[in-house]
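Shared between the two complexes below is chain A, which has chain B as its partner in the first and chain C in the second.
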Partner chain A sequence: MAKKSHGSLSRMSRKENIQLTLMTIPTVIWYALFCYLPLFGIFFAFKDFTPVPGESLFENLFVNSPWVGLRNFSYLFRNPQYMDVLFNTLFYNIIFLVAGIVIPVTLAVLLAEVHQKKFTGVVQMALVLPYFISWVVVGYCIYGLLATDVGQINGLLKMFGADPVQWYQSPEYWRGILISLGIWKTSGYTMVIYLCSVNAIDRSLYEAAALDGANFFQRVRHVTLPHLRTTIATLFILGVGSILNSDFGLFYQVPLDSGALQSVTQTLDVYVYKSLMLQANFSFSSAAAFLQSGVGCILLVIANLITRKIDRDSALV
Partner chain B sequence: MKGFIKKAAAMLASAALIMSAVMIPSGCEARNDDGTVRLRWVTYSTAVPADLKEVIAAANAYSAEKIGVTVDLEVQPSEMLNLIMASGEYYDMIYTCEWLNKYDTNAAKGLYYDITDLVKTETPALYETIGDYWESAELGGRLYGVPTLKDMGTEMMYRLNSDYFEGKKGMEIPEFMSFADIEPFLAAYKADYPHKYPLAMDKSGMPGMTNFLERVIGTFIFIPYDCEKPQVMPLWECEELLDRYRLLHKWYTLGYIEPDASAVESTTSNKDIPVRLGVAWRGYQGYSNPETWGFNVKTSIYDGPYISRATEQGAMTAVCAACTEEKAKAALKYIELLNTDRKFRDILAYGIESKHFDYLENGSVLRTKTGNDRYTMALYQTGSVVNASVESVSRTFPADPDQWRKVYEGYKEYGIRSRTDGFVYDQKRKEDIIAALTAIYSNYATDLRTGTSDPDEVIPKMKAEMEHAGINELLHDIQECLDAHLASSAEAEY
Partner chain C sequence: MKQKHGSYVRPQDSSLGRTANIIVTAFFTAVTVLALMPVVLIIAASLSSEESIEMYGYRYIPQEFSFDAFTYLFTSGDTLPRAILNSVIVTCSGTVLGLAVMCPCAYALSRKEFRWGKLLTVFLLLPMLFSGGLVSSYMVNTQILHLKNTYLALILPGMCSTWYIMILRNYFRTNIPDSLIEAGKLEGVSPLRSLVSIVLPICRPVVMSVAVFQIFGYWNSWYPALIYIASNHSELYPLQYVLVNIERTVQAMTRDAANVSGMEMTTVPGMTMRMALVVVTVLPIIVLFPFFQRFLKTGMTVGAVKE
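This part shows the complex of A and B:
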């Protein structure tokens, strides 16, 4: 759009343009520092990083460290469990991807229907709050609930005459626990994004629909959802991009690193952390990170292509 | 215009970052205003004592006057020490040892200053004090670090509530027992308090439980002390260790160990627990302070003392390879002072006299309440333990100030010595296998060492996974290196 109107830019709008550009500077700097500059770290993944103290990072990386090809990746596939690790990572991420759309959208649609400002505010607060609680804290609260002999839940079970459960030794429950916690923590925050989009929809559309006799579900189906399409597509595509990344706090801190739960809690990030506990090996961890972002990047492009085929306006590029 | 601003901003920002990355190494000030040398000294500790700054200031005043050197003492946890080394950050002196920030590995990489000649010419008193123990720092005939004189072997002990076991139950706590002998004590307590757990256990397991084996990789590949010809073996071939795991699992099922032990971070705040474990030395009183526990504690040794290159490398100080000779000299002078001047040593060890501690009549040290609350560093973290005054836990039972002479004589008399002649495996050789094995082991380790899982059930599974990840290749390589090492050191002796 900017290109089209370039020739007819008036003095006023050019000035505005500069102001707007200046406003983006903090963001641009942030991205340059934390997203583009660290890109040279990719070299770590293909080098045997051997620093000499007192020399600069660049000298250490490019002069002092030899190339080793793909050797840094091999530890990821030596473990016979790597298929399980990949499965867990994908399994949770796909669920979070779907639930991360369905639940926040539902919440946003419902909340938008409530016209009592105070009530909406309180609900919104309550939903967003979990996002700001650290996983370590959540982990200990969960421990308070699930501990074998002092936990609240086993206390309840005993009260009703049921046998207490050794939660931290019983992997069968944990997929559910982790998924619920993941949703509990993030959906409020995502909901706010959708709520903004819902609130931005022209109210007269709803009034017109209501006049035409549309009920609540029809209004949601024909007015709200079509308007949310772009937002949903954007968040979905971005979510696909981090399909191999997982929330380390959720999968490591919350189960308190319990050995018996490994089969359901071990995701790629947890596996990398555990492999490198004995060694501070930058090259190995960069290799894992490179794999994650590489796969994420390819999937993101594919998801975007598919989205563009279906609906041009919803695609990112 | 827009593009230009973007580009310019990005370039400026990256330039700033690159500059700072390049500048950091040269950023440290070498000298104070008064001309004394200032050293950045990084040591290991998980907690920073509240009065650290004050104590450092007192120590700096003393050392500046004596040798013209002061330190900025930085206390860092193990991850940070590893990170400092892995990223090539600049420091002057650093804590190094066998179990973190590995001395042999880093010295072999050339990360530490070669002090072989300097220590003899500049600090002869230090050279003499360390004496025979220089051997544990020797690598290819050169020295890259100063061993901290402390307990040089490891002795593992049970720490029991003697008020309860001896006073109330009339049981006798012997000076020595075997690992399994603790069972009747646990059973007695459990019978009295069916809802409590008598054995202290958290997710890191019992401290020092595997110390009766020489560790090669993590706590899953060992060399036993007692075999005629040193033999590398994975944990499933160490029968005694398996027996200990079986015993722990038995105790777990009997309710002597907390059911969620594998998820418990620490049990120190639970003062009820009557049986704890410790790693120390004969005559150590630090576990026996009734004020800390609310009851009297007696210790009973079940393992040791085991002595190997690893245990002798329990704590060391190394100088950065990038140091100037002037700084290296200053660092050695400082370490020398810690090893030879008891008054100076006591400052970093216990704090400021009459504030953090008092001297008792027999020359031992008693920490004050302020000292206990605001300045408790483990002695090995700040330098020589042997040169510091011995700590007593109460005025009524002062510690033997001559403790260390006896401990060191004890090592000569009944120490169980390693036969590997200082062998260290260079983990770089099979780094990827080790990384994969570490991840597999960590899936089973917590449950094994807390007794949660049945070793006869899980170890076969772990074995199969580890074999798939290449443990046999690794074991073979370690054994080859070990044999070569033994052959060459036997040759050197003739």
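This part shows the complex of A and C:
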């Protein structure tokens, strides 16, 4: 009986299949236009883009622009500014990758121990909120704190007799500021994801551990963390895959695009944007974008493979 | 408060002692305050009078309360109403269009017997791995699709997301019993009809969840405007981008104060007004957030579940 109903499920009428296919058409068109069509742009990275006004994009790219092989890439790597940009991108992302696991997991483990529902509800709400506030607004908040003449912090410094700091001219503070803001914005959101996993753990496991005399840290180590393994691995693999991507808003809008801060705030996305919009340097910025995408893709696959070797269930595929 | 401590230390649940619990609670109170600090400052600043800001700067405790900035914003000119209208248009149409496109696709994918299910999943996942990058997206959107300086440039690029489609699909799969679909089939109901009349009503939480993510996403978006809307089409600026633009002008003015004409000076709103504008931008989110939060959780937890 069960087998029969399964049989009728697995065979779908031709008509229904066509109807379902039609339902996917709008999405397929959207992906074709906005994800797959731009893929031809990979060619930009291997061409010296010299558009002739009035001709179509494809003619300009494939007929009017000569192939230059890897020249765009070699220019890129010989550019000292690019190496800074690359370093910044990796630097921030590695920190975000580690902090993005350690901090939310710690918060989730601790918050799960607080059993006053109203309190945890308010805490969760307050911590998730930053995730839904745009970097533009955050930029203004930070300006309110750090503005040289009217900022709250310089106001406090003056009150205590210290010298005011020209924050937007002092790169030495900004690595710390940007890291804190990145953590501030996403930790709460990630924490809620982990908290759901923690709350799903069978409480009897903790009781058993408590009966065996395990203290709080032992219980976290031997009960909670093993249960979070899969979620941690998933978020880690995705993080590795986007190791060369950065939050444009954080690195461009929050420092107010201040020239003095460029050495510590410029990441690949900002660099690509600027070389495209300000210098109209198509080949250069697509070479940079190509690297970003290609390296991310390769790293994602490697990270997934390694995870699979260690623990099959935690890998993405 | 003291006698209530017993209520949140239940020995069978919590492995922390009473003192540790108080410390953890205190810690989270501090973290919560810290998380809200930046936002509180702009609200305080927007409620201060312009003179007090000029004299004392932005302060957590306003030296002189005043609603002038808000009254001025809403009574002078049509820049702000226009920007709000743009943001609302983009947010509403983007969210509705996005759901209208994604839900049918997610439904088809949620049917295990659908012939192209696997292929289509790969088709949707690949762009998460590899993208053409900003340059070619820009060229396609401006030169082939001719989106520059249109509302569509603000709406279309962010309309679909593989992530949302997968959230919808997973939820449909686990919450719609096969028998219900079978019953519909026997009565000769088309898949689109059964999506609208059976699936969506049952799966309202996840649809709301994706809708809320989209609403917040569109309301907060300014990057498309930065790239696709030229400065001579400022009538299309969404609220967020108006803020970006004001801030750019202020930066340019401070950089070379000598070259700024008197006219440009007057187009820049005062310090309190800028903060009032920020509050107008962020207030809908803060006000709606408590109501939307339970929907967000659905999406976040469904998304964390693989396959």
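Here, the second predicted complex is superposed on the first by the 225 of 317 C-alpha atoms of A that agree within 3 Å, B and C clash if a C-alpha of one lies under 4 Å from a C-alpha of the other, contacts with A are read in each partner's own complex, and residues count from 1 in each chain.
Please note the rule applied: a contact is a pair of C-beta atoms (placed from the backbone, for glycine too) under 8 Å apart; a residue touches a chain by one contact, two chains touch by 3 or more.
The shown structure was predicted, so the numbers you read here are calculated from the model rather than taken from an experiment.
In the superposition on chain A, A:137 makes contact with chain C only, while chain B stays out of contact range.
Which of chain B and chain C touches more residues of chain A: that partner is C. In the overlay built on the shared chain, the residue A:36 is in contact with chain B and with chain C. When both complexes are overlaid on chain A, the residue A:57 reaches chain B and chain C alike. Using the contact criterion defined above for the overlaid structures, shared-chain residue A:271 touches chain B, although it does not reach chain C.
When the two complexes are overlaid on their common chain A, residue A:114 makes contact with chain C while staying clear of chain B.
Within the superposed three-chain model, A:75 lies in touch with chain B and out of touch with chain C [touch as defined at top]. Applying the stated contact rule after C-alpha superposition, one finds that A:256 touches each of chain B and chain C.
By the touch criterion defined above, A:162 reaches neither chain B nor chain C.
Once the two complexes are laid over each other on the shared chain, residue contacts for A:286 go to chain C alone; chain B is not touched. Residues 17, 21, 24, 28, 33, 36-37, 56-57, 143, 147, 149, 256-258, 276-277, 282 of chain A touch chain B in one complex and chain C in the other. Within the complex formed with chain A, the chain B residues making contact are 1-2, 5-6, 9-10, 13-14, 17-18, 21-22, 25, 79, 82-83, 85-91, 109-111, 195, 203, 217-218, 258-260, 262-263, 265, 320-322, 427, 431-436, 438-440, 442-448, 452-453, 464-465, 468-470. Contact residues of chain A toward chain B in the complex are 17-18, 21-22, 24-25, 28-29, 32-33, 36-37, 49-58, 60, 71-72, 74-75, 78-81, 143, 147-149, 166, 168-169, 256-260, 262, 266, 271, 274-282, 284.
Those residues of chain C lying in contact with chain A across their complex are 7-10, 12-16, 20-21, 24-25, 27-28, 31-32, 34-36, 38-39, 41-42, 45, 53-54, 56-60, 100-102, 104-105, 107-109, 111-116, 120, 123-124, 126-127, 129-141, 143-145, 156-157, 159-160, 165, 178, 182, 185, 190-192, 195, 216, 220-223, 227, 240-241, 243-244, 247-248, 251, 271, 274-275, 278, 281-282, 285-286, 289-290, 293, 296-297, 300-301, 303-304, 306.
The residues of chain A lying in touch with chain C in their complex are 5, 8-12, 16-17, 19-21, 23-24, 26-28, 30-31, 33-42, 44, 56-57, 107, 110-111, 113-116, 119, 122-130, 132-134, 136-145, 147, 149-152, 154-155, 184, 188-189, 192-193, 196-197, 203, 206-207, 210, 215-216, 219, 230-231, 234, 241, 248-249, 253, 256-258, 269, 272-273, 276-277, 282, 285-286, 289-290, 292-294, 296-297, 300, 316.
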